[in-house]
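Same chain, two partners: chain A is paired with chain B first, then with chain C.
Here is the complex of A and B:
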């Protein structure tokens, strides 16, 4: 009985690092120095995760379903404040590109507000979304500081022209009207890698690089690194350590030469994605 | 002497006057009722279209996941609060000027809950799975998420709706008995069933009084908690300008404020339509207006202190939203709210305004407009300028949302009109009580002592049994 379990284990459930002993904690690192804003990660995500292509009109009305998006920000060049950035076609210093997707927060604000518990935290650090359980109250979407949750405002699956339904990925569902969806860190790939590891006889260990997310796989500059943060030898853990970014820390200490930061980490949502700041040569 | 100028009305006349409101209505009644039914049908058509096509047709999008439906929900839930306030709190504080107006105020409470309850349901992406939100016992052991304010909402509102129905019904039993004694046909059957054999014995009156006061005691904290929970929908989130500690009292004050304004509107209308001039006197309007003014000042204080606390906290996100509210694309909503809800109530400081029924009628509509705008500016502007600048977008509600909003007013009025035709909208027995006390106060020597009357009745009854 769920309630009985909840009452008995209340203090356990309230522990900060409840899944401490789990072998996996999925994390990511995105190097903005390497990102060129080409958008291939976005395309890969569309293909991998059965995302509906909504068309120009619905994109314009804010109904696009890109789990991953490339945000562009322009910075005012130092000393040249007279340049009107918004008006200029080719701004002086180019744009900042930020690939933005679900940050798989460890203190996810979307989780406690769902009335039916359709979104919850998995032991391996993922912020899971159960489509079958979702009733579409959209509170999670409001409470997400990154606004990376996407709601099926229309029945997009109806709009897939034949024979394009043949190219849908069979490893995951096509979502129906009225449910919320978001980046899953390609959970279907994690799942199949776990299965393979289990077949090979090691339940608690997946080789680094055995799971590649679709965006990571496609990135031409290898800006995206994905892996297990609990595996000390993994590439992503090394990067996190190098830039002295840690989980369970409210604000990271600023270290010289370390470019790591997590977006909006001052909100204490504990995102699992580390970004590496872009360094610019302002003299050039 | 009492400051009421209520005339000494014969008890039989009270019955006659009130029961007259149940008889076949004027032509205007049917016109208004059919307009309301038409609006409800338009709303139903809009909902069917939205249900089939998806919520995107209502022009909600990312980041505007919530819009008019939620602000309407807060508006109607707010309106439901003053009925309870007027009835329960004034009952407990022995303010007897509530007596002629509390019945329709309670009915207003009930029907605004019924209107409010529509909105969170049609707002859902998968309406057909709505029952998952209710904490019903199920054999699969799949529990809803008890941490979610939306779940608290579902529990609080169902509790509030049930208790409000009980409170309204229990307070109506003696009057239903009067109706029963005077009715014919289907009305006779209805009132006989509903008055559950009320004979007017002293023991019945005593049990009735106890139940009524107990229910009132239960309802007052419940009403406060319900709107605090509605406020939690916003206050428990981490959105800038939603995550505000003072939201629960601010919402409760706002609820009482808009509800009192609605009571004034219906007060004037009922007084005019049913010729209740003898019962709903200028003095009662004066008291209601003073109460509304006091609540308006509490609301003003909380509203301004909210701005002040945001400003002095110097939080980057909150300050941005606040500035966007005042000078951004939604500025006319915010300034309109301040004009209607913050400046306009000061008109009630003048006795001339308080004593002029039609001035109060229009003023109450202005106040309600202000409070409706207030709910809209709570929901939309923070979504338009949230934590993530890339997603900033200004979206105005679409035709579907507006149709359903207008339809909700039609739905409320429809229910209210039907209620006024089927049930007595002025409490007969309480008005009689009031008249009795007036008489007693004016000529103490002529009247027998109330306690003595009661004792005699109890004795007579014991003798019978």
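Here is the complex of A and C:
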């Protein structure tokens, strides 16, 4: 039966972009030129998504819990450094920050390995995680090349002192012990935007800017842009086009002045997050 | 008292027997967390408000049409009417109501329909669709999940609000494409609370990888297109709900 169905619908199933007709495909663009590594996106994510603060010790023992993290790299600038800059209060030391969260891969390595199908792909192009389905095998986290899935080793919700549970976001669950979790592209905000769009009578169209992720909303330099990649006028689509980064291409052609790339593109996992490379003036 | 009883072993035996019988009769599972008999501050008579005076449900549960939760009215709303109803002013329940009003304290109602945290359910979409688009009577629409409230005093949980219960509707109804479609008979009629039984069978829709019939997550249209070709016996057991867990789970 399954084979017959597969043969009958072969052309449909072989289609590269299976959800071509769906109105949404959420994507992001992060400009590393603008990123100052201030970490407000991380803080915003903690507040929005009911994340526990696990503390230094548990972080050290590998029980870290942060859907978004700022990765820090040091690259000493090449060439001779200017003596004036060297003596200035803010000398260029080659710090380089990369905000890293779930890349919502379209060919996600985490999805096929889940024994209970708790993680799957939504028609919106999101990599979903269903907490009440998760049994905590941690296979997905081990298969993730970006290491952005976090496991609840403890029941952190019990540590919240009495009145503070009132500040939890009711739009998403507080995860319990033994559940894997990760960035959802603030799916609760997408959900409420869809709800409003449906009230206005256009369920297949959400205005650009109506959905803002918590990190995007908080970024002081507006380095993070989020939106619908299927909407040609959206800011994020314009950026993707400008920097010639496309979905369904595992290796982007390097064009001059285009700074766009996706992290670990060569693995062909099709991430939905584009980074814009940092440009540094080393001669100065 | 137990020791002074003439046949203590019988009463003890009776106790055990009672517990054993009770465990047989009382439903378990979804009903285990049932708080329908929860002790409320006082017996609010839905029967008077909704049946005798025919007050629209949404007059008090204001948020139902525009929010996820239906909302419990503030004491001020009760007082707004009851201040002008001297005829019932001296009844015990109204006295209690006014005592809360004078203390400036909210009435500590206990939540009866409490969904688990991981469930995303919105009253708004259901109310907008069934009352405002389809133009069905309010009490009938609310009654689909809440039972025949106009016969109750305080709210009671008459349906086990399980996933199976949601799907008993949603495998036939999926959003706007079904507006105007007649409701299935068992939904259309409001069963009386006493005879209503929980839907305990859960036919979980499976995401792609667990469903051998679906090589990929199916779109709604495709699922129905494919299932049309199946024999009727198989088709009846298929769940046509969209295979997207994140629509209802958060």
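Criterion: the second predicted complex is superposed on the first by the 252 of 284 C-alpha atoms of A that agree within 3 Å, B and C clash if a C-alpha of one lies under 4 Å from a C-alpha of the other, contacts with A are read in each partner's own complex, and residues count from 1 in each chain.
The rule is short, and it goes like this: a residue touches a chain if its C-beta (ideal position, glycine included) is under 8 Å from a C-beta of that chain, and two chains touch if they have at least 3 such contacts.
Bear in mind that the values here come from a model prediction, so they are computed numbers and not experimental data.
When both complexes are overlaid on chain A, the residue A:191 reaches chain C alone and has no touch with chain B.
Touch counts on chain A: comparing chain C and chain B, the chain ahead is B.
Legend: residue contacts after superposition of the two complexes on their common chain; A:37 is shown touching neither chain B nor chain C.
By the touch criterion stated above, A:128 is placed in contact with chain C alone, chain B being left untouched.
By the document's definition of touching, both partners, chain B and chain C, reach A:117.
Once chain A of one complex is fitted onto chain A of the other, the partner contacts of A:178 are limited to chain B, with no touch recorded for chain C. Within the superposed three-chain model, A:155 lies in touch with chain B and out of touch with chain C [touch as defined at top]. Look at A:23: by the touch rule set out above, it reaches neither chain B nor chain C.
Residues 1-2, 112, 114, 116-117, 133 of chain A lie at the contact with chain B in one complex and at the contact with chain C in the other.
Across the complex, chain A meets chain C through its residues 1-2, 5-6, 13, 18-19, 21-22, 111-112, 114, 116-117, 120-123, 126, 128, 130-133, 171-174, 187-188, 191, 195, 198-199, 203.
Those residues of chain C that touch chain A in the complex are listed here as 116-118, 120, 122, 124-125, 128, 176, 206-210, 212-213, 215-217, 219, 226, 244-246, 249-250.
Residues 1-3, 58, 61-63, 69, 71-73, 98, 100, 109, 112-117, 133-139, 141-143, 145-147, 149-155, 177-180, 264, 267, 269 of chain A touch chain B in their complex.
The part of chain B that touches chain A in the complex is made up of residues 53-57, 59-66, 120, 123-127, 129-130, 132-133, 141-145, 147-151, 154, 233, 236-239, 383, 386-391, 393, 395.
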